[in-house]
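Next up: some structures, all given as structure tokens.
After this come two complexes, each holding subunit A, first together with subunit B and then together with subunit C.
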Partner chain A sequence: MNDMTHANKPSTLAKWSRRGVIGAGVLAGGGLLIGVAVRPGNPIGALAPKVAGGEGEQLINSWVKIGLDNVVTAIVPHCEMGQGAHSVLAQMLADELDADWSKVEVMQAPTDGSYVVTDTARMFVAPFTLHAADWIEPTWNGLFTQVAKLADALITGGSSSIRTTGQGQMRVAGAAARGMLVGAAADEWGVPASEIETRDSTLIHKASGKSATYAEFATAAAEQPMDQTPTLKDPSQYRLIGKSKARTDIPGKVNGTALFGIDAAPEGVALSYAATVRSPVPGTRVASMDASRAKDMKGVLQILNMGDFVAVVADSYWQAQQALNKVNVTWTEGASAIRTTQDQFDVYAKALDDAGETGGDMAASKGDAPAALASAATVIEAEYKAPYLAHAPMEPINCTASVKDGKCDVWTSTQVPLRVRTELNAALGIDKSNITVHHPYLGGSFGRRLEAVYAVMTARIAQATGYPVKSIWSREEDTQKALYRPAELSRFKAGLDESGALVVYDNVFTQRDDPKEASVPGIYAIPNTSVRVAEAERYLPFAAWRSVDHSQHGWFIESFIDEAAHAAGKDPYEFRLAMLKDAPRHTAVLKKVAEISNWSAPSPEGTAKGIAIVESFGSIVAQVHEVDMSSGKPKMLNAWAVCDAGFVVNPDGFKNQIEGGIVFGLTAAMYGELDLVDGAIKQSNFHDYKMLRMDETPAITVEIINSGTVPIGGAGEPGLPPAAPALTNAIFAATGKRLRELPIAKQFA
Partner chain B sequence: MRNNAILAASLLTAALAACGSTEPEPVVEQIIIREPGAPVVAAEPEAVEDSGEVDLVALGEEAFQVCAGCHNADPGGPNMAGPNLNGVFGRKAGTAMDYPYSEALASSDIIWGYASLDRFLANPAGYVEGTSMVAGAVRNGDDRAAIVAYLASTGE
Partner chain C sequence: MAKFILNGESVQVDADPAMPILWVMREKLGLSGTKFGCGIAQCGACTVHLDGQPVRSCSTPVSAAEGSEITTIEGIAGPEGELTALQKAWISEQVPQCGYCQSGQLMSATALLRDNPTPSDEDIDAAMSGNVCRCGTYTRIRRAIKVASGQLEPSSEEA
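Take a look at the complex of A and B:
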């Protein structure tokens, strides 16, 4: 708690710039441990053995180390869950460092408060400060370091790794490290630093003919002063940034050597295995446990009633799960009146009824919506419904824990290792300094692994049994006992004038999480806008789910805008274009997608195209989807996407993310739905919570526009929001059937 | 600056609230059967006269473990990836409560019995084309016979 006093005092930081974050720790008097140079007595010294354990390895600064074999290792604070952040962050650092890409490796930063991802925390807590006026910066930076530490913001999410850590820290670290290497060589060779060139991890002084590898000067470089605000490259100087360099994590994932959380096999540790069951009704607890039928089953070691869950520990996972299936558990009664899906939507509907024409909290307001609705030539209304969704990542939820001699080690797939540490501290009563969170690759996440409960459960089992345990959740447990993308009900009104122009837009709904602007049709010039939130109880606990609020609202808004276009008798593309006349980037993206999809060409009988555009996480993405309805059921043919993320660091990786976002979004749109029955989730496994199959997936084309806009946008999520509306708009164009609820498949069963 | 300070304070409060401390929760009941690595102490089998007969149902319950990843056969047990199989004998295919059967199985006229279960388990998709049971065929005829006998013993 003493940590916070620092932030409440007037800041003593010198004028701060975003690049200066690398040295801010020194200025802050030790309160900040990000990216500081390795010097005797410097706080980073404590980190050195964790990341530079090998003999002959030299830590240049906390984001990069250089070995005597001239291998540059980028130390990356974000997790790798398939999105490619490890490799692309290394690419950004290596470019500024002028490193030889064939000799660049990536290392996961140890879970230590020193690696708090400050810029990412800022983006989550108060994104407007990222580009605040200079005079605010010292305050914000000092503050955010503290907030990030308190909130345990070593986080990977929000499509933020490249645009925050990459831009603000990895590149700066690379440039600063390069400066220190050049400085060391200049001293040794007695030449001006400005005459030394760098390329492929080599220092070259042409005039004297001298050259040396980075490794030769790595040790000396650590004694060089570090430039607090190194000059970053101009895009014309990039050697790696902007190129589709092969990802460093792919070979291991192809040949099977890559290790995921579930592969944890700590050396010298004999593991037992746990299977666990939690209450089907959120918030309830174990009322009784009858283990008589499980006790004699093969391999069973212990059966535990942990109060909030039941666990069986056995010699193997399979034995534990089979014995657990034989344990008869009863649960306490749930407190909520919501028991079914219908109950949930009734609660939402009542809140919207109560809010009426103008009630609720105003999320965005422009002009005079009620008056404009009263005087509009045409008014249309619609109500949209979105279901609860699960993340269903491929790698089962798992954790391996050892609690011994007052120390706790866990190995787990997580997006939030520091949060895991904090919650372990609370649950076990073990000091944070004695808790180590090892976090290997994640086998998919999509927001699922932003919670710490499975690590805490496993560590509690390890503590109770007294021996190391690996716990694996069954697919049924993960589908039914997790955190969820909220269901939502959203009502719209729009007014058109005599010319068919959209002059007023009114929307009221019940849930507002993140990003706050997701529910606002802010890209369009609409003179009168009213966006209102009428809060209502949601039954299932909340989780961020790939693209978060954009996942519902992107579909709602772009469907309703499409309805307005048809009501106006206008082409949905032209209708949108007319409302984007003051938005040149959006206009360019929309025009390009119309061009590559051959939008204006007539479609063959039974097929049609739909269009949608959503800006999310700093990137503008427009999509056209083409569907064949001739069989009476939707068959997706093509999806075209055009994206403006400002500047794309790794085009192949970016396109992969957009493709993944489209497939994830289409999966949810076609099949995704969780039903509540008696307070519990009905769906349980992939047979009733379906994934899109290869043969159902459209052919996808992704094009990138590098508009040069800064700050750059994200990649992991922005591909998703336009996918569902582009598809349902295409289905409308083909059939005249407007889909106002999801999933699609059951409406064509 | 003043506004910033106020906002700053509220952010910090939020951050602190997020890491509120809770007391470690005690274990309610802990049943220790043996230590890891300790040999399994098999319960002394009651002396029974070896009649030379094979208990096919017991063998079947053992063999059913290969099915248990997707099916529960306990009375009132849940539907998992596959439906609960308690009392499946004599039941019309595709009629267990609250299970989303494939259209193929739901529209079939099969009444589950020794012969139909044996054929189905030998090759599910071969017997009912379009079944969602895409895995779990039991190739070994003896195992199949035992599993069918076990299933026949469940239910009313």
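Take a look at the complex of A and C:
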């Protein structure tokens, strides 16, 4: 792939308009390269505002190459953290290209700007000629300068990879490449392009009996004019999109060969290993360090007071951690008056008290909520609490760094490789062009690896010691020194009229991050709505945690709607259905989940079902959960989910994500809680920050509705928000006990 | 000097006798398929077989393996890398998401099927509940074990 010595042809590059969307080049040694850029105004959802930095600015996001071996490589900018993006993005590309799926490979796009220019460019494009330089100067360099400037733009999150990169770029690149291949064959064969068919990486002209592989025309194709806005396939033409193609990353994940960040073993580099400890109280620093009991321990190389953390570097991680456990560190005092969980909720309660009946910032308003509450036949009130949560991905936080001769290489699991580079530049004073961020598979993330601090810490250790070093956080460090899903307090009032219809909904809560609409019960037709946020001090630093604000508000809203249904004496399903009468997609999803769960059938003694529906990240998901309370403790029996994401690209992969979202949501609902004691987090590892296990997990059934709505919705997060309320609503149905705080398990201990 | 049989081959390695097998595999022998998850035998990501029995290698000192046989995820396939029925089922059922816990899951499942060729749901619960999967692939793991044990047909790709 990167053998440049065999390049034997001058570069001939199609003219790439500065404002163009796509461009092409010749691979080293022959073959076709297509790049897709995002330009200002290109509607790609969350990325657009960050990308649209100025006139003519563009960001290369996706690449496709077709080699002389007839292998199509999708060069994917998103990280692979278990969501299947690598494989599914390639699937989208390959469909438009009519590629032979068995010869499609996936490559992680290098994300370092200089790496892209010096290595990717030279890897893929034949030695530069004047012609090429003419193209490169105004565009190529400019493009990648933008990549560097837009440090936060290259990100995997928000359930967005398929919806944005897949729809807007991979498919476009595939279709453009196909058009150029057809054009090259038409010229060579002297036949109209319209008569050439493509299938399985082969060009076919039936009338003349001619056929050729893509590889045979890949080099010539680069000289074809490029359709900047190629026509994409109609769904009736899909061959791969919409099919459950097996994921390309899975074979390596069943035999131990898949490499994660923690497996980094740079060739020819003798690694040392670091264990680190940070302050248990956020924002404080090392006050004193006594390493006398650790410094002579076997394998110990150096013990460092880095100011904001302490590190032991040793011959093995295990030795480093053993020694670190013997280092006595004291820390400066924290500045916050919040020391305990109770303190945090007291601060929240005061903020809500201060906001009163009408205060706070209005998040959504309709009708006249105060007046409607005053005249309602029935008013119900409730206060809900959600705890702080950690992400706890299975792969502990880690980074491997080499800092030598003014260059820095890091290998790390990250959702934000460019942010890592930007922060390394700031911390080390090494120019970005001399920093390379390698990012292998992530062993889970769920929002955890959106920060760069662990890479910076590791590189600082490497810089301070001169050793290439692999730093691993203990599970305890990751549980206690991370960024967190916020705890939250939320108060509700609802008013019902004489018929039991919900006529007013009033809510004030303490935390608003993203998505902004998460706190709004916008799917329901409620004539009077007041949703307000009264921001209050949040002790632990914020992290996006799978489904972000929907993780708390999905549970709050769907629990309180359930309370309203019971207060109205109505079936919770029918009550919701009545409020969705102007929402046909939501209605269809809710009806379908009632059907597959046999909602209306009476449950056996001691068991009951609960229902919930949440729209998040562009997808509508309704769930029914069935719980057995006959032992006095919840035993989850079944979870049924119905999802409308508009159109699902890989149904099995989508279902896998929904299943995972449900288990993640149920884990938090059953067990998730971090307590503050003396300003520090009490929980430390999986014995006291528990995960749902095989024997507790319900049977899960997922069904997909392809309503055809565009733009399509996400998969990674939307399965989570309805899980907790469907379960707690089921527990209420079984026991009459309304759960207004989480986790569940300790309330039935 | 620790001596043991690793994936069928005799191995001698210079390691502190108290060093957990996990770190001997990963840092001394370059076998990175066995994963660090919690360090306290709570998650099962580090599961290997010691004389055929699944153990948590993060909490088992290498001295415990003296003269014994250790099998890791790298050692369960056939001599030419032929996948086991469980590994094949892990693919047909598209079990892994991030994949980080799956080495440990497969080692636990391998021991289960060796002792119990057609496990019931309760048997699967008992054998597999020591392994955490944060991505939530439990229902697929269950299905894959049943496929590998001939109790279910493999899923088809075009579903």
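By our rule, the second predicted complex is superposed on the first by the 649 of 749 C-alpha atoms of A that agree within 3 Å, B and C clash if a C-alpha of one lies under 4 Å from a C-alpha of the other, contacts with A are read in each partner's own complex, and residues count from 1 in each chain.
By our rule, a contact is a pair of C-beta atoms (placed from the backbone, for glycine too) under 8 Å apart; a residue touches a chain by one contact, two chains touch by 3 or more.
Here the structure is a predicted model, which is why all the values come from computation and not from measurement.
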Superposition-derived comparison: subunit B or subunit C, residues of subunit A touched: C
Partner chain(s) touched by A:N685 [first = subunit B, second = subunit C, both, neither]: both
First, second, both or neither for A:I662, with subunit B first and subunit C second: second
First (subunit B), second (subunit C), both or neither touched by A:D652: second
Which superposed partner A:M81 touches (first subunit B, second subunit C, both, neither): second
Subunit B versus subunit C as contact partner of A:V286, first or second or both or neither: first
Contacts of A:L259 with subunit B and subunit C, given as first, second, both or neither: second
Shared subunit A surface residues [contacts with subunit B and with subunit C]: 298, 475, 685-687
Touching residues on subunit A, where the partner in the complex is subunit B: 1, 4, 7-8, 125-126, 136, 139-140, 143, 146-147, 150-152, 270, 272, 286, 289, 291, 295-296, 298, 300-308, 315, 322, 325-326, 422, 426-429, 460, 464, 467, 475-476, 682, 684-688
Residues of subunit B defined as touching subunit A within the complex: 1, 4-5, 7-9, 11-12, 14-16, 18-19, 21-22, 24-37, 40, 43, 65, 68, 72, 74, 77-82, 98, 100, 132
Subunit A-touching residues of subunit C, taken from the complex the two chains share: 16, 19-20, 23, 27-28, 30-40, 42-43, 45, 72-74, 76-77, 81, 83, 87, 90-91, 94-103, 106, 124-126, 128-142, 155, 157-159
Contact set on subunit A toward subunit C in their complex: 81-84, 243-247, 249-260, 262-263, 265, 273, 298-299, 316-319, 321, 392-396, 441-446, 472, 474-475, 651-653, 656-657, 659-664, 667, 685-687, 691-697, 699-700
